[in-house]
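Next come two complexes built around chain A: one with chain B, the other with chain C.
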Partner chain A sequence: MLVIGENINASNKSVAEAIANRDREFLEGLARAQAEAGADFIDVNTGAGQGSVEDEIASMEWLVEIIQAATDKPLAIDSDVPHIIEAALRKYRGERLIINSVTAEPERLASIGTLAAEHQAWLVALAMGAEGIPKSVEQRLAACEQIMTYLSRLGMEAGQVLFDPLVLPISVDSSQGLVTLKTIEQIKSRYPAARTVMGLSNISYGLPNRKVINRAFLVMAAHAGLDAAILDPLDAKAMSFVKAADMLTGKDPFCKGYIRAYRKGAIVD
Partner chain B sequence: MLVIGENINASNKSVAEAIANRDREFLEGLARAQAEAGADFIDVNTGAGQGSVEDEIASMEWLVEIIQAATDKPLAIDSDVPHIIEAALRKYRGERLIINSVTAEPERLASIGTLAAEHQAWLVALAMGAEGIPKSVEQRLAACEQIMTYLSRLGMEAGQVLFDPLVLPISVDSSQGLVTLKTIEQIKSRYPAARTVMGLSNISYGLPNRKVINRAFLVMAAHAGLDAAILDPLDAKAMSFVKAADMLTGKDPFCKGYIRAYRKGAIVD
Partner chain C sequence: MIDDILELIRENVVQGRITQEDEGMEEGMEGQPGVTELTEKALALGINIHDIINKGLTAGMELVGQKFDAKEYFIPDMLASGQAVGAAMEILEPHLAKSGIKTKGKIVVATVKGDLHDIGKNIVSILLRGAGYKVIDIGNDIDTQTIVDAIRTEKPQFLGLSALLTSTMMTMANTIQALDKAGLRDKVKVIVGGAPVSEEFAKSIGADGYGADGFGAVRIVKSLASDEDK
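The block that comes next holds the complex of A and B.
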């Protein structure tokens, strides 16, 4: 499973302050620590609605510069504002890139989809339209189909798309775990070349001991066909379950990845 | 998910000694602790090949007497020797009962299957014949079909059968996690009224930090359709994942079971 390290996100107060204060050392450390812990991509999120768009553009440019100087891991540019994504693209020199994210809304597909197509980026596509997260599998798949149709016309291939099945809290609706898992299975069945990606924490919203729930959901999603997860790679237990899940789903021949992680002390109980 | 507490098993040296010494207090304590930790059934295994059949019969009679005096949880009689199962049945007064286990071998189906049919017990049916654990899904399903055909003729219903898909170590063959998971899915599809059951520990044989692997496999199996697990209910982390898995697969309306377990301090990270 691909791991997209989520830690450089301005919704985290210490990260927001570090960005505002241009605290290069703190943010470089966060990038390096995630890379060392096994992140395949480093997500970069400068927040939304905190300051002016000009400020955010300046922050994104600065952040992309310093993060790619600190690690050779590719970045995931986490914004739904085209100007901010463009700011990141101006500064980014890596070959591989994720843009995170677009929805089925035509104006977003036109702007962000076109940016992804032009830069041959991978694109996270949320299985929703303007109405928010749909409750049913069918509605989510309908959004995926709109997205795939639009992106195909822009020349993008399924292999560039990371569909996010989306997650609603299980505390609100007991069926939502299965809705997300079935959406993953259906996406993998309909678009075999496309990937699936998911953030974990929404599932456990409003419940205690959320990490247990998040880890169990990660493992189930791996079985359903999840290809990538947006998570905290410094959570050693979560990363241990990623390695175990890869092994159990036949993605780790001879258990080499698991045993290598164990020898580094990275498999914890 | 139904939990069959595995701790009273003479392959564990301290249990074997307690049985040999008729250490009633130790074994009663083990039964009560498992019941309090959430076991739905208490497995009772007096070992095999340690002493004479007469000794084992006497041990099983004594053990069934004292365990059912210590807890009102139903028992799983864990033996493949008809005389020993009969000894347990002579002493057992509970309504619900599991006999663990039979295979597709006709002589075992004739003896143990008949005992289960006569006592209206649930029967664990291993998806294998005389040749040992098959490597493929198809061979395991063929064994299940032979078993179901035979037990139907004895008047047993699918609802009395707990199919064990069987588990081979992932360290020996990277595909074996998926083989077991697909076998579970296929059994649930072919025999919707039947249940599935599994012991966990074989999957991680030969690998380090086995509990991480076992827990991840338990959660995946729950997603594949596992109805019951044979495990150590005193392993609080494993039980936490059982509760999380029930919730995530839609089996815990309003998260009541999870929250109740949390309030008892039984959800641990």
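The block that comes next holds the complex of A and C.
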């Protein structure tokens, strides 16, 4: 499973401050620590629309530069604002890049989809349209269908698309765990070349001991066909479950990845 | 006997049990009557509807609120209790109309334009219904004019606005201004809530109140209600 390290996110207060103060050391350290912990991609999020777009563009350009100086890991640009994504693309020198994200809304597909197609980036596609997160599997698949049709016309291959099945809190609706898992299964059967990705922590909102729920859900999602997870790679237990899940779903021949991680002391009980 | 039934209603609201098949928050409650069976029984015994609501259902919901505030209860606990009260209110509604008891105030709730988040708003709706208010949920991503129109036609005592994004928070301010322009601002108390919203923000945009969470919203509505709507 691909791990997208979520820690450089401005919704986290200490990160927002570090970005505002241009605290290079702190943010480089965060990038390097995630890379060392086994992140395959480093997510970069510069804000939730609090400052001006100009500020956020400047922050994104700066962040992309300093993170690349700190690690060779490819980046995932976490924004749905075309100007901010363009800012990251201007500064990015790596080969592979994830743009996170687009929805089935045509104007977003036109702007962000075109950017991804032009730069041959991978694109995270949320299984939703203009009406918010659909409650049913069928509606989420309909959104995926619209997205794939549109992106194909732009010349993108299914292999460049990471579908996010979306996760709603189980505390609010007991059926939502299965809705997400079935959506993953269906996406994998309809678009075998496409990947699936999701953030795990939404599932446990409103419940105690959230990490237990997140880990259980990670393992179930791996079985359903999840290819990539957005998580905190510095959480050694979560990373241990990633390794175990890969092994248990036949993606780790002779259990070598798991055992290698164990020898490094990275499998935590 | 009457007090026993009301006590059982309270307990079962706290346990979040709608019918006798339901599990409780505690072990081994299956098979005992739930809130709907107890409410039917209370009606059959001729217990005053006002008492069923106030001493049974609402009192139970207040206990749930205390447990939630003390972090003993979690979101699913309060949703189960809220639904139990909602089911009981459905049973009582036809009798309420007949007995001429005035219901509590009416509240229109919406998530503002540009914001698709409905979880918080739905929780607030369930809890307000549980507290005995009539809630009209007009949905999420609702433009300002639609909200103003709803205030004009529904004539509620309260308007609850929700926003989960820093980018849509300001739309709540626009809504209050639009109510002002439409000459409706003094007709309705506006309460606001959502993750980025704070007490100070609520004040700065001229809202009447702020609810930090579902029970906070119920508290603020109660405190702002005129005596006849309490």
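The criterion applied here is as follows: the second predicted complex is superposed on the first by the 269 of 269 C-alpha atoms of A that agree within 3 Å, B and C clash if a C-alpha of one lies under 4 Å from a C-alpha of the other, contacts with A are read in each partner's own complex, and residues count from 1 in each chain.
Going forward, a residue touches a chain if its C-beta (ideal position, glycine included) is under 8 Å from a C-beta of that chain, and two chains touch if they have at least 3 such contacts.
Note that the structure is a prediction, hence the values are computed from the model and not measured.
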Which of chain B and chain C A:245 touches, first, second, both or neither: first
Which of chain B and chain C A:254 touches, first, second, both or neither: first
Which superposed partner A:131 touches (first chain B, second chain C, both, neither): second
Chain B versus chain C as contact partner of A:171, first or second or both or neither: both
Which superposed partner A:193 touches (first chain B, second chain C, both, neither): neither
Touched partner set for A:208, first chain B, second chain C, both or neither: both
Chain A: partner with more touched residues, chain B or chain C: B
Overlap of chain C and chain B interfaces on chain A (superposed complexes): 171, 174, 207-208
Chain C-touching residues of chain A, taken from the complex the two chains share: 48-50, 131-133, 168-169, 171-172, 174, 205-208
Residues on chain B engaged by chain A in the complex (per definition of touch): 170-171, 174-175, 177-178, 181, 203, 207-209, 211-213, 215-217, 219-220, 222-224, 237, 240-241, 244-245, 247-250, 252-255, 258-259, 262, 267-269
For the chain C and chain A complex, residues of the former touching the latter: 74-76, 79, 116-119, 122-123, 140-141, 165-167
